[in-house]
Amino acid sequence: MAVKKEDKYPVARRYQIADVQVSREATAVKPQVVVNLIKKAKHPVLITGGQLLKDEKLVEIAVKFYEKGIPIIATGGSSKPLIEKGVNPQSVVFTLHQVTQFLLDEEWKGFDGKGNYDLVLFMGFLPYYLSRMLSALKHFSKITTVALEEFYQPHAKFSFTNLTANKDMYYSMLEEIVNNL
Amino acid sequence: RIGKVIEEAEEWAEEMGPTPKPGIIELRKWDMKLLERYEPFYAPVQDFCNLCTMGPCDLSQNKKGACGIDLKTAKARLVTIACCIGAASHGGHARHLLDHLIEELGEDYPIDLGGNVNVEAPIIRTVVGIRPRTLGDLKEAMEWAEKELMRVLHATHIGNEESYLDYESKAMHISMVDHVLMEIADIAQIVAYNMPKAEPNVPLTDTGFGIVDKNKPVIVVVGHNVLYSKPILDYLEEMGRLDDFEIAGLCCAVHDMTRVSGGRAKIFGPISYQLRVIRSGIPDVMISDEQCIRADLLQACKAMGIPLIATSDAAARGLPDASDWPVEKIVNALVTGELPGVFLPVPEKVGQVAPLVAEAIFKKHGGNRKYRFFANDEELWNEINKCTQCMNCVFTCPHNLRIDQGMAHAQKTKDLSKLAKLEEQCIACGKCEQACPKNIKIINVIMASNFDRLYNKKGKMRVGRGPIQDTEIRNVGQPIVMGQIPGVIAAVGCANYPDEAKSLREILEEFVKRRYIVVTSGCHAITLGMITDEEGQTLYEKTPGDFDAGGLANVGSCVANSHIAGAAIKIANIFAMRPLRGNYAEIADYVLNRVGAVGFSWGPYSPKAAAIATGFNRLGVPVVVGPHGAKYRRAYLGKYFKKEKWWVYDIKTRSKVPIEPAPDALLVAVETKEEAIVQLARLCIRPNDTSLGRQIKLTHYLELSQKYLGKLPDDWHLFVRSEADLPLKMKDELLHILESEYGWKIDWDKKKILEGPIRRYDAGFNPTIVEEVYEKYAGEKPPQ
Amino acid sequence: RIGKVIEEAEEWAEEMGPTPKPGIIELRKWDMKLLERYEPFYAPVQDFCNLCTMGPCDLSQNKKGACGIDLKTAKARLVTIACCIGAASHGGHARHLLDHLIEELGEDYPIDLGGNVNVEAPIIRTVVGIRPRTLGDLKEAMEWAEKELMRVLHATHIGNEESYLDYESKAMHISMVDHVLMEIADIAQIVAYNMPKAEPNVPLTDTGFGIVDKNKPVIVVVGHNVLYSKPILDYLEEMGRLDDFEIAGLCCAVHDMTRVSGGRAKIFGPISYQLRVIRSGIPDVMISDEQCIRADLLQACKAMGIPLIATSDAAARGLPDASDWPVEKIVNALVTGELPGVFLPVPEKVGQVAPLVAEAIFKKHGGNRKYRFFANDEELWNEINKCTQCMNCVFTCPHNLRIDQGMAHAQKTKDLSKLAKLEEQCIACGKCEQACPKNIKIINVIMASNFDRLYNKKGKMRVGRGPIQDTEIRNVGQPIVMGQIPGVIAAVGCANYPDEAKSLREILEEFVKRRYIVVTSGCHAITLGMITDEEGQTLYEKTPGDFDAGGLANVGSCVANSHIAGAAIKIANIFAMRPLRGNYAEIADYVLNRVGAVGFSWGPYSPKAAAIATGFNRLGVPVVVGPHGAKYRRAYLGKYFKKEKWWVYDIKTRSKVPIEPAPDALLVAVETKEEAIVQLARLCIRPNDTSLGRQIKLTHYLELSQKYLGKLPDDWHLFVRSEADLPLKMKDELLHILESEYGWKIDWDKKKILEGPIRRYDAGFNPTIVEEVYEKYAGEKPPQ
Amino acid sequence: MAVKKEDKYPVARRYQIADVQVSREATAVKPQVVVNLIKKAKHPVLITGGQLLKDEKLVEIAVKFYEKGIPIIATGGSSKPLIEKGVNPQSVVFTLHQVTQFLLDEEWKGFDGKGNYDLVLFMGFLPYYLSRMLSALKHFSKITTVALEEFYQPHAKFSFTNLTANKDMYYSMLEEIVNNL
């Protein structure tokens, strides 16, 4: 169910041309694939980043995720607008850097004590900062990572394609996910 | 040799500690202690290695390459190499200075840092185990450092370390060496060039494009080693012509020029201003020395007709060596354009040549510098109209700046504001231009779009003060160790900021206002001197320069970072009477457990910054870096949930005590300024805080978390040892939360905590994680 | 200081040359001379850079990154870093040895290399400008080298060099330093450990799996620093128990063990034999020190139940430091398997622990070492049958060995011969196993398939002789410089051979037979000791060990490479009376124009090899590398068609003379053994050859070209200055070709060439490309 | 005219998985594309490598190229079997390393004095050795490079796909080129 040419999706251009690796690049996916991944997951979580402070629409989407029962780990200060909208994040003070370190530890029980997460969604991060964390998870963990970003993230397991030319499409893809959960 | 030892013993009564002039092995045990708790985290940029001809090798998913190395170990090796390069940079700088100054002033030239500094060279004392009294004494530390560099770099050769932990230990070792080298360099230049000696009240110096008098010949220096540019000042002073020229510059070279000239040299800006300055056409001559200079400087200057004088053997730039040429010949070659630049590693000659060239070039244009990124508006719009929004620039920009949107908006509306906004964030690296299929001069477009603001920018930076006084340490030592001064925030490093530069001020202003001690250096210090508030004032103008609560102390250029590490060490020595000499592990252990200092680098970019940070880490000082810092690949991140890792030996109770995870990281990258603020406050907490100190630290931590994260932090309860630790204003509320959410037992009559904390507070608490330190003070082996 | 200078002057009458203890600048002019003619060639492995946090940056098509560096300059910087790491490795090794030996023997321990070596330490004399007479004197050279390393590494920091030429100059500088460091290390160990001192007739030592007596406890050493393994010999000798143990090893560690033990230690094989040896299960204890050791050694040993003792601080392998433990505790921990290994950086303790552990482990299995890659045939076939020919192994193998075909053939026919054939080429890096989705133990399959041949392999290596005698130089100096000895072929370096190892012998045998001087060292020397002919003899057994025409001189381990460079230098000094002291450029210029020596590394893989080669290059010695050498990214390749680049000053005729392109490359990678042979012969040609010498060199060049390339080489006519240069047997034929194909004018009566050559031969020809050398001997400025 | 999936050609797997670059990988081409390139070229040349000494079929193919008027630069000792079959190579003694250095020089006149070559075909090299030379030409020259190898060469401008599983296909593709010149 990867994005195919005939779907007229934009090409999956990396957020940074020089961030290449030997290992497989992320599969560019449609919203429905993400929906299926979430439904199949035993312990999914959404991690939100600091760019929510600059994009209200992302806050709105995150709230909907939360309302559909997806727990949220809020980083980068994204907790503030989320809490204002009634979200109770599992964590607000740890950076994505720290959360990634925790995720890499198979013994970690998660912030909710239910064990480590098996599916991690990322939304609202600086592309270059997120990319390094996805790289760490790609090489040193078995967690399924999904980047729900405007920029295509090559080191995720699954990522939206490059949507920089069409922000509306980006938002509508996010909408499609939360509406189908 | 023996004579020397005796002589030293007479001079310095302090007994020699266990590890003078340590090699790789001597402090490995200390490193392993840190690494056990602060587990290395690796975020590979590339997942393959091509350092030997058996490769390239695929190391993805932690596979092993042809030599047997796995991805983690390969990354740790790369970090070690980076730290070696960083240390070598400060070392090359220090060695140049030292050799030159000894030649000029003699081996016996005394190290005198003024009446307020008796514990000079705290790092050298602690690490090398000597007390340098002369420039010649610094050579002993220098030679030891050179020896260690070779040893550590040796270990990075194919087929050495098997364990990433051992590479981390080596990275820490060479980074500690780096701190020694910075101290050598800065002490040498302070005493030889009579820079400010631990003076809080140093003059302010001008910053920004707006302060350069464009009606004079403009000499611009860039780089890090004042050795090559100082003679320009000397020569002009000798000639009585200082007022006829503008001497301005970028980065640490001008930082130190302001220190030798009492603020006379002017600061264009940090490292990211290089292309801004060159392409503005303002310089009449450019002097480059070493480090962090654009590797296309000659090309860039040539394109603008600016003659270049390269001075350092670290960057000869392919230019002809003019050392033996008569001054006239050099000047003539540069002014006629016969040569675009020369390599002139003779400081005295640079002093004569630079003004002559600047003057001659100035005469040519007569002060009528027409060039301002574009000759006219038409040219600017021609460039803008070329853009097809192909996005190549966006996908190569380090910040993914939306140049496409700025261009499109301008094309559609003739409004440059979106492009102008980019100027605030752009580091002017020029990659966009390399990627542009239309060869648009994107940097110039961005700069021209914000022309008035950029060109008229004015600010003030307090000149680098050098070391912290012993008296200052005496004043703040106790409140820092006890916790009443909530922390020391050291904002250091490069200018690869993730956001508009003003975010740096916003972050630090929080701490100045809350009466933390804020110190700064390098490009961070320069940036702070360029960000003005509505009243047109920089943070320097609003705060004293003391190393004290609410102060903002600029110690100086990159190598002056040593004074920040030195201050932490001096607290252990001057306040706590811990001996320094060859006693590194005890001092670092003291700092880790007691000194609430946190390093902060909002825009770190270089191997030097990596070495500086790692050197702080080994000393027990956590460092918070901006998001680009994640690209250093390695962080040191503890895990609050691994309870077995959070313990100390308590010398008082003769027991092994579980402790709160404080600090819980030694190197962490944050994404936003909001996150930076909260993490900085959080990482100031130390096991040794008194109740009052902890109360103050928690007050700030909780307030800042509420302000920026919207609620109390997740982990605040971990830091509560008794009700006395609780912020007064919130005490009741917090007790309720502890009871209801965390299941603690509260005696509501006495408002006392009965059960819950990781440990109880004990006024005599005397923590250490070093067995030898425990034994030294407890007189027995540590408990199991 | 002054006292010291006077004392030295008394001791060493030679006048100080222009560049003692040179920094980066002093020899830059010489480098630029070389680089002008031998243009750097860059073959990027990766086309992006991620060394700073502004990156990663796309540098493809020579784009510039965020710091302004372009792809070529970035590659030159990487080469500089590699050479720094290489030099640091030999330096770390040298420093360890030196400090240890001085502690043991004192600073005044004399440097005595025997009666046949009066010009000891030729590199140190030439470069550093001192004549070391004691171990303490070597420290002066060591400290200078450490200083230079820091300076050069400094230059690799972001924002320094703009020009790839200047990076190349720095790479050459640190590589010259590397040669000094190798000389320090080898001289120190020769004099302290009484290794052979310039002795051509050293004993032969055993090589190969077949020579290890498996009925004794087997102690295996791997690495490069004999300092840690020599005490094992000392201890066993002291105990009178040498005969009760087998002491064998790999790589330079055992190379030097054979030198200290008079050939008593046995050689398993070169670096590529590590996994072969470990997985064979033969070792009872493993001693590792530093460099080129598998980075998964501990894992590999653990899997086989072999206790590991890591000794060098360059590779502590994450193991607990057992320095302070009693011997019994260490032995017990290792024998019981409580610990898989220990870090024991105390040589004396290693000497005691290793035999005790080996004996205890041996007692456990009683000499009944069942394990031979697989417990039985069934296991082997189970592995083979897992293979699905997915090709993952082939696409990760450094040689793209067709493992798939070997497996498929075995599956189909039960014939292991195709797999066995792979063993001859396999460097046992193990990447195939990392890539295999079925987790097949591919290395074991390959080794087991060739089990009998591998396990019974036997050979002889002549023990490392150390330096070349002054008398030998006296004998061969003139014939080399005049050209009657057609050349010196120095086969050095690592074992990443592109082909079956026997190709190395095939190449060198050509030159031994043709009475070139062949010298060897390191893994090449070991490999030559393992390849036997039909009579079961190695090349060593068939040739004398002299540095003379037709000889095969093994100088020793990697650090003994210094004696090869030293021999070239001694020719300039002993034969030509050129002063050495601080006189590098003149000596290198002499070597480039007169000494027909060529370095050859068939399987170079490491940064050390890069530094060694680049050090030879700066000295004017061309180096031919095998195809993997292309991955060093940079070569120095001249262009025959750029006529303006091929010139010298002739001191005799006081003129600037065009010359033949000889040698026309300083670093070139060949693809096949045939190509290697022809290039080696070709690159021995020097401008200074006499007619007789040129005739001999051309004879070999032409014959070898015809033999291996099928015809005369394309460029032979360029090397003809007069009819006297022509090979006698072919003279007429060649004159005809010159006339008909190249349009030369021939006087057929006298059989003389009238017109055609680039220049005429002149018996007094006295070439130099260094202005200062011209001036020194001509007494005037060089012609334009 | 690149190789498409529907053509049932093998996938273009790199000769070495870890030899990745940011810049474009070679277009995997069919024989006819190579024929067209050669026909369009002003100054084409075939460089043969040392593997001809181990593969007679490659010698045969090279001879046919020569007979069709494509000049040959023989390296690595490949000249010997070629000369035996009547080929007169433009050069026999220079290594591919040196030839590549010459090719990088825009002023070079070629071995035939007709100026530098515009299309260079490579056949019969050790994959890792050839790869570095192709990389140099990719980044520092404008020459069109074509790898006619059993292994797919990512840094050529055009390359055969990975044909390691089917040597007959490799040979027949080579045949197809020489037959259509």
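Per-chain residue numbering starts at 1, and chain names A, B, C and D are given in the order in which the chains are listed.
Everything below uses one rule, namely that a contact is a pair of C-beta atoms (placed from the backbone, for glycine too) under 8 Å apart; a residue touches a chain by one contact, two chains touch by 3 or more.
Molecules present, by chain and UniProt name: A, D = Acetyl-CoA decarbonylase/synthase complex subunit epsilon.
As the structure is a prediction and not an experimental result, all values here were calculated from the model.
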Quiz prompt | Pair sharing more residue contacts (C-beta pairs) when C-D is set against B-D | solution = C-D
Quiz item: How far is the middle of subunit A from the middle of subunit B, if each middle is the mean of its Cα atoms, in Å?
Solution: 32
Practice problem: Could you put a whole-Å number on the gap between the CA centroids of subunit A and subunit D? | Solution: 45
Exercise. Calculate how many whole Å lie between the centre of subunit B and the centre of subunit D, each centre taken as the average of the chain's C-alpha atoms.
Key: 51
Quiz item: Among the residues of subunit D, which ones contact at least 2 other chains?
Solution: 16-22
Quiz item: What are the residue numbers in subunit C that touch two or more other chains?
Solution: 45-46, 48, 50, 55-58, 396, 398, 435, 628, 631
Practice problem: Classify the chain contact graph as line, ring, star, complete or other. | Solution: complete
Exercise. Spell out the residues on subunit A that touch subunit C in their complex, using ranges where they run on.
Key: 16-20
Practice problem: Could you please specify the touching residues of subunit B with respect to subunit D in the complex? | Solution: 48-50, 55-58
Quiz prompt | subunit C residues within the subunit D interface of the complex | solution = 39, 41-48, 58-62, 71-72, 389, 391-392, 394-396, 398-400, 402, 404, 435, 498, 627-628, 630-631, 633, 635, 637, 639, 641-642, 664-665, 668-672, 674-675, 678-679, 682, 705, 708-711, 713-715
Self-check item: Complex interface listing, subunit A residues touching subunit B
Solution: 13-23, 49-50, 53, 74-77, 79-84, 91-98, 100-102, 104-105, 107-109, 111, 125-129, 132-133, 135-136, 138-140, 151, 164-165
Quiz item: Which of the residues in subunit B end up touching subunit C in this complex?
Solution: 23-25, 28-29, 45-46, 50-58, 63-70, 73, 81-82, 84-86, 88-89, 91-93, 95, 143, 145-147, 149-151, 153-163, 165-166, 169, 271, 290-300, 312-319, 321, 323, 345, 396, 398, 427, 429-431, 434-435, 496, 604-608, 628-629, 631-632
